[in-house]
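Before anything else, here is the set of structures, which you'll find just below.
Across the two complexes that follow, chain A remains constant while its partner is chain B and subsequently chain C.
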Partner chain A sequence: MTSQALDLNEEYRDIYQELVNVAMGRAADLLARLLDTYIILPVPKVNLLARTELAMTLAALDKNDRVSAVCQGFSGDRISGEALLLLTDATFPDLAHLLGSESTGSRGNELELLMDTANVLIGACLKGFAEQIDVEFAQSLPEVLGQHRKVDGLFDQPAIPWEQALAIEVTYRLENKESTFELLLLFTSESIEILNNKINFLLEE
Partner chain B sequence: MPTPILICDDSAFARKQMIRALPKSWDVEVSQASNGEEALEIIRAGKAEVTFLDLTMPVMDGYETLSIIHSEDLPTMVIVVSGDIQPEAMQRVKKLGAMEFIRKPITSEKAKETLVTYGIVQEGEI
Partner chain C sequence: MSESALADFHPLLDVLHAIDVGITILELDGTVKLWNGFMSHNSGFPAEDAIGKSIYDLFPKIDKPWFERKIKQTCVLKIQAFVTWEQRPYVLFFRNKRPITGQTEFMYQNATFIPLSDIRGDITQVALVIYDATQAAAARHELEDAKSQLELMGTLDNDTLFHDPASFQDILEVERQRAQRSDLPLTVAHFKFTNAQEIIEEHGTDAWAAYMQDIATALKQGLRTTDIMARPDVDELAAILVSTDKEKSKVFAQRVAGTIKNYPTTSFGVQLKAKLHSVPTDQSAYEWWPTLHEQWR
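Here is the complex of A and B:
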């Protein structure tokens, strides 16, 4: 599919934003209960983008920030894509502190924090999104893209091959902390038409 | 006379969902706002006996809007309708004077139940 074929009008953009608003709220609720804190929710950002633009769109991240990232593919009802979770290095001490764990700094422990956070946020957000459009997604196993590295080059090997995608970006912040969590839902260009049809159904109901 | 109500949400889709969930026979005059600033203008003009308020919005979010309504004692009953369903969010909006918290997406059952519970509409009326 060529980039010209991809188009996202204002009405659909608004609906994707709202569907993710509800989904990310559920995900944040789970994590907030786990960490016993309040998570500040953003207005989700919806964009069509090329894979090459991905690193650039992670607006909340400083170019020099070191991050750890997990990706997880999902598919169902001819819709497919991948979810990404990025945590900046500053996040791990905050997470460990909130969970009352003392042994910060070890890579193994941080890997566990990364995977646990990804499980909660990605799982709940995908489920919340899928429920609203009445589909079910199967998730592939989560994969670590890297630990403590720059964003550049992080996305060179996708879980699902795609060139263009509908990207929905959510930047969670822990209240009174510097930590941010970047959650991205990427839907392949082939999925967009099917998603739009599901949305048309929502509009008619 | 129709009851003046306000629906404040940055998403046009969410506002549409909200309007659809209201009891069909409830006689209302609906105003809409896409952020807190617009909402306050409508409330100050006396056009919002009941306000359905989202929390996560650009320009002015629901928390700030609520605290201004609260501190200026503006004449509206606020029902928060939000995707932010953290326990802390619910506690904060109640503390700021919101009458009720409804989680998104709102259903017509929940809308009716809330309106009846707070005596905004009578059971037999709708």
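Here is the complex of A and C:
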């Protein structure tokens, strides 16, 4: 089959969606065990994103909301990208309740909460995704992009001149809670061809 | 293991022990199974002392519930757990590798918990990898210090580097509220160079600015760390004296007046007036100070 890089047709879009769905399904079961709560799984959105559209994709978050964001690079098998987790400030109390209940009591450490959440959500989703396409991702140390900032201000001109990326967006909701998190898996344009080949291989099996 | 695989394996072990990264393998209950060179050097426990012991016994001050939760998270989700120094400065207390010139007593650490499975795929052990992040932390702290210094500079008077009028009022209000809560006296010592206008007309604004700069430098030497100096106007100085009543602040005012009077370049023949005000704690400083200030114009 010829390369499908930078051209995402319906078929591939559906497959990516399905891959993440399955990954999340597996992860959700584990997460539920860890967090003692049920996580409502949405249908992931798959898009090819231009650089300028990155902030727009996050439009699901109100522009005026204060958010905190963590990013984590991953790479393996010539596939590379970044996972991005965004949460609105309103989410913190719910999170504290979930993660904090079994932690060291009144530490009130929002940064720790943020990192813990990022760790669990990004880690679980990436692992599930990687397993299905039979690769192993090495993850970099997570980094806080910002805390309590406006969405607009989070992505100050990255210095790397990327043009397009494959974006898989998942909006989680906790059962009986208003809180949502946005998880964004971004794959570099160079990775797309390799990913598509992996998928072709899956389809042939 | 075949002979060649073994031959490959041996140097790998050497690297494992020599590498400048901490590597330890723990059983799920915290029992140490592997302890590399970095861990020995920095903890002070040689491998033969550490292996077989509980990590919680080796490091009694470890945040045990947190550490156990990290292990659990790693095992249940079968994913790596990352901990950065920003989140908590260190996982295991190690001394700074620069015990003499270092900025902190301890080593800042980034750490990763990695799940390790047995032949059947069950997670039975966890690797804890520790990176020295002291340099990164120091660089960040320096940057932050420089930033806050810059922010502060923005609110300082250019000549004296005392607080400018706006920042003076902000601080005064904060101190007033504190005084109200703590029920301690708060006094403002207010100084006015009554002939400043004539001096400026005769010698120019630059000469006056230079004079204020010198006076400020001279005054700073006699200040307590709690005295807050400001320049509310071109020809004025003020000091916020916390936990000081009017009576005690007389000493301060006399010292300031003395410094100014005895300053060598008083060829200007400056005339100084001083007033001491007890700050009323039940009135906002934003109302109180401008009224008072206006009265002395």
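Keep in mind that, in the parts below, the second predicted complex is superposed on the first by the 184 of 205 C-alpha atoms of A that agree within 3 Å, B and C clash if a C-alpha of one lies under 4 Å from a C-alpha of the other, contacts with A are read in each partner's own complex, and residues count from 1 in each chain.
Please note the rule applied: a residue touches a chain if its C-beta (ideal position, glycine included) is under 8 Å from a C-beta of that chain, and two chains touch if they have at least 3 such contacts.
In this text, all values refer to a predicted model and were calculated from it rather than measured experimentally.
Undergrad: Consider chain A as the common anchor and indicate whether chain B and chain C clash or fit when overlaid.
TA: fit
Undergrad: Figure out whether A:38 sits in contact with chain B (first) or chain C (second), or with both, or with neither.
TA: A:38 contacts chain B only, not chain C.
Undergrad: So, A:124: does it touch chain B (first), chain C (second), both, or neither?
TA: Only chain C; A:124 stays clear of chain B.
Undergrad: Under the superposition described above, what is the C-alpha centre angle at chain A formed with chain B and chain C, rounded in steps of 10 degrees?
TA: For this superposed arrangement the angle is about 150 degrees.
Undergrad: Check the residue A:17 against both partner chains and state whether it touches chain B (first), chain C (second), both, or neither.
TA: In the superposed model, A:17 contacts chain B only, not chain C.
Undergrad: What is the contact status of A:26 with respect to chain B (first) and chain C (second): first, second, both, or neither?
TA: first
Undergrad: If you stack the two complexes on chain A, which partner ends up touching A:132: first (chain B), second (chain C), both, or neither?
TA: first
Undergrad: Looking at the superposed set of three chains, what is the minimum CA distance between chain B and chain C in Å?
TA: Taking the overlay as described at the top, chain B lies 12 Å from chain C at its nearest C-alpha.
Undergrad: Of all the chain A residues, which ones make contact with chain B and with chain C?
TA: Residues 33 of chain A touch both chain B and chain C.
Undergrad: Looking at the complex, which residues from chain A come into contact with chain B?
TA: My answer: residues 11, 14-15, 17-18, 21-26, 28-29, 32-33, 37-39, 41-43, 132, 203.
Undergrad: Please give the residue numbers of chain A that touch chain C in the complex, ascending.
TA: So the residues of chain A in touch with chain C come to 27, 30-31, 33-34, 72, 102-104, 109, 111-112, 115-116, 119-120, 123-124, 126-127, 139, 141-144.
Undergrad: Can you list the chain B residues touching chain A in their complex?
TA: Touching chain A: residues 10-14, 55-58, 82-89, 103-105 of chain B.
Undergrad: Quick one: which bits of chain C touch chain A in the complex? Just the residue numbers, please.
TA: Counting only chain C, the residues touching chain A are 63, 65-66, 69, 72-73, 76-84, 86-88, 110, 112.
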